[in-house]
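Below you'll find a set of structures to go through.
Heads up, the next two complexes both have chain A, just with different partners, chain B and then chain C.
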Partner chain A sequence: MKLVREATAGATEAGDIVITVLPGEAPGITVDLKGKSVVLKQFGNQMKSVIKKTAEDLGVESAIIKAQDNAALDYTIRARTRCAIERAI
Partner chain B sequence: MKSLMIVNANNPKILLDAVLYGADGILFDLAESVPDTEKDAARLLLAEALNFLDYSSVEAVVRPNRPGEKDFELDLLAVGPAKPCNFIVPAATPEYVAQAAALLDRVESENNLPAGAIRLIPSIDSAAGVENVAAVIAASPRVNAVIFDAKNFLADLGAEASGGEQLVYARSKIAVACHVAGIASLDTPYAGKPDGLTADAEAAKALGFTGKVASDGKQVKIINSVFA
Partner chain C sequence: MKNVLGREFPEYIEGYGQVKPFIGAYNSYGDRTTVGAKRRSVKPARQTPPGEEKLCQSIEELFDRIGVKDGMTFGFHHHLRNGDHVLNLVMKAAAERGLKDLHVAATGIFGCHAPLVDYIKSGVITQISCSYISPGPVAKAITSGLLQKPAIFRSHGGRPRAIESGDMHIDVAFAASPTCDPYGNINGTHGKSACGVLSYIFPDTEYADYVVAVTDNLVAYPAPPPIQITQDKVDFILVVDSIGDPAGIASGTTRVTTDPIGLRIAESAAALLDEAGYIKDGMSLQTGAGGASLAVAAFVRERMLAGGVVGAFGAGGITSYFVQMLKEGLLRALFDVQCFDLDSVKSAGENPAHMLMSGSLYGNPHSRGAVVNNLDIMILGATEVDLDFNVNVVTGSDGVIMGASGGHNDCSAGSKIAIVVSNLLKGRLCMVRDRVTTVTSPGETIDVLVTDRGIAINPLRTDLLEKLKDSNLPITDIKSLKEFGENLTGKPEAVEFTDKIVAVVEYRDGTVIDVVRQPK
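Let's turn to the complex of A and B:
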């Protein structure tokens, strides 16, 4: 699956996450996650893993994914990542 | 089901908190609560939520967009595999109920779900819907309840909302048809002053309704009490 444009999904409200995806310039998926440092310290790697796996499961081979977390749970992270990717193809 | 509480299906925090209000059912709204630009995001979020969160203590009811709009089919095909208890059929006619049932046949077949497991709740929101309510109910064996939508019914009639009496005929016709069919009947959400909810719910119960839609969590306790 090839991304052809930048696209965003999600919101800045509590419990949500804003995911922005851009076509990558090189193979691979890079995830830039921002949020409360206390949350990222404990759950950051898990959240990045969920984002990356969601993209890989959709067949994305090259992408830059920026995420602004507002205490989202896994199901929201998956849904917003998938939505942003579907809007970018 | 005494109370069915409406929640915005595109709000993660509301989806997480929805079971805390004591409603028998949660109505996950993909239609009126969600702007056109977020329809895709809402159905993806709801499908993930139904798979991830524990809604086993409530009846999970999904309100898709109206039949005839492109989002109706997309809603059923995206959320159906997460196996909600029911889909509402907005602006229900016998044809729209049959169309929804056929889509669910496909969803269940493609996802190895038991045939007929996902049920349908037609929403009666027009004069024609009221007159044809028995035919709407008979359009599919999946139908296990009916919702009355007074706001859109009155708009269809061209009448301004002026109180419960103008709804007596429509409410009676729906409640009687549901009773004859042996299915639940859920009255329209109450939109007046808070102190009028009890009387409105009692009026619906007196005409034979078995429950009522709650606009928010604050209405649930009163509705549960009236229909207990």
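Let's turn to the complex of A and C:
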């Protein structure tokens, strides 16, 4: 699956996350996650891997994914990532 | 060294001293001796109006007359809350005088005290002890180890105990005084900076070497009733333009939460209290002023009205909600340590059944009996609870200081039933943990955790478990709550800490229940 444009999904409200995907220049998926440090310190790695795996499962091979978190749970992160990717293809 | 909760720290902490480890909530009672206090008697002036000798024209004159010097401990109280000007103006003058190595023994520190950070950096302030601290610049400065000595967090009852026993000596007490006369009678409920009761400064006025009334409302002798601190306690009076910003002192009326999850939690807590038989004539009740905590009072009130129940008293920090219950006759009296809103300030000034209690009367474990001992129901908040029901209200799970004991461990130890109410998930964080980041209140004093995802009863309370065994309430156990939460959030990665101790958390009896280390 190839991304052709930049697309965003999600919201900045508590419990949500804003996911922005861009076509990658090189193969591979890079994830740039920002949010409250209390969350990132304890769950940052887990959240990044959820985003990456969601993209990979959809067959994305190259992408830059920016995420602005406001304490979302994994199911929200998966849904927002999938939505952003589908808007970008 | 490890205390009985398995918390580890050195036997001697630099800047704090020898550590007495926590030995259990109910194991340090018996005979106690208080220290003596220095006092300067005042000769009758006879031919000149009394009071002139107490009035200081400027803070410089005040400092000269006291002979303030490096290394002193200054006492402050926080009833002006986030509007307080007194702590900042005193420390500014101290810094301008070139004083160093001061100990700020404030009962509470708020966001408005941000200027203290510079004085911490420059060594004017090297130690802070407090009972409450709000998340903000000073809390961050302490977390990042800027203070030369570790901060000391004591409960609202623990601070008076420390002063009375001599563990902490106050050299100069600064009493923010909304109304004061020239001989030092102080009224807290009148004046442009009225804040209500002045309860937390009482031990300072009894035991400090010097007591200063700082006022922006000097009135003719005698100050109007109710006089809270009398002239025999006060050495000097300093008149300033403003002791506080009314917008930061108190909100108009404190309202019960409208968050449906908070209401649901509060409703189950009230139902549990009813089923367990705590809502009955002569009952007493204390809640926090925030969110779901206050909502429990609202649901308890409904049940009291429905059952025709008349309670004995409400206690603690008082809100308009408790004032209303007093007016309605649902409670016979209020014991107030702090007015949270304008309705309670007004009531404290007018209604004799709305009574002031000093910090010592409120929670001092080594007195002849604190009011918390008479308390039936205590509703508490928590940042974290662990599988042994230990509660953290001091640090976030990332180790950053965001609060202090307040009356938490005084009330949980004294009350017949101490209930923690909280959302199970706070953002992405599950508040039930294997081990809390910092212990404030020991699990043996916490009876029930009520969350939006179920209720856990401390297994030590076999009587409660028995009473509620046929209840329809969503009662589960604490381990299941943790598993439910972690299924949604995932397992948190451990936060790493350095060896540097930035704060010592004392239990109300003066033993060390935990320490806060600087996060990496």
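Things worth noting here:
Note that the second predicted complex is superposed on the first by the 89 of 89 C-alpha atoms of A that agree within 3 Å, B and C clash if a C-alpha of one lies under 4 Å from a C-alpha of the other, contacts with A are read in each partner's own complex, and residues count from 1 in each chain.
Please note the rule applied: a contact is a pair of C-beta atoms (placed from the backbone, for glycine too) under 8 Å apart; a residue touches a chain by one contact, two chains touch by 3 or more.
What you are looking at is a predicted structure, and each value in this text was computed from that prediction instead of being measured.
Look at chain A after the overlay: chain B and chain C fit there side by side.
Rounded to the nearest 10, the angle at the Cα centre of chain A between chain B and chain C in the chain-A superposition is 80°. With both structures placed on the common chain, the touch criterion links A:43 to chain C but leaves chain B unconnected.
Once the two complexes are overlaid on the shared chain, A:82 sits against chain B while remaining clear of chain C. In the superposed model, A:72 makes contact with both chain B and chain C. In the superposed model, A:15 lies in contact with both chain B and chain C. Annotation: superposed on chain A, chain B and chain C show a minimal Cα-Cα gap of 6 Å.
Of the residues of chain A, those at positions 14-15, 72-74 touch chain B in one of the two structures and chain C in the other. Of all the residues in chain A, the ones that touch chain B in their complex are 9-10, 13-16, 72-76, 78-80, 82-83, 86-87. Of all residues in chain B, those touching chain A in their complex are 11-13, 16, 40-41, 44-45, 47-49, 51-53.
Interface of chain A with chain C (complex): residues 14-15, 36-39, 41-46, 70-74. For chain C in complex with chain A, the touching residues are 396-398, 400, 425, 427-429, 488-490, 492-493, 495.
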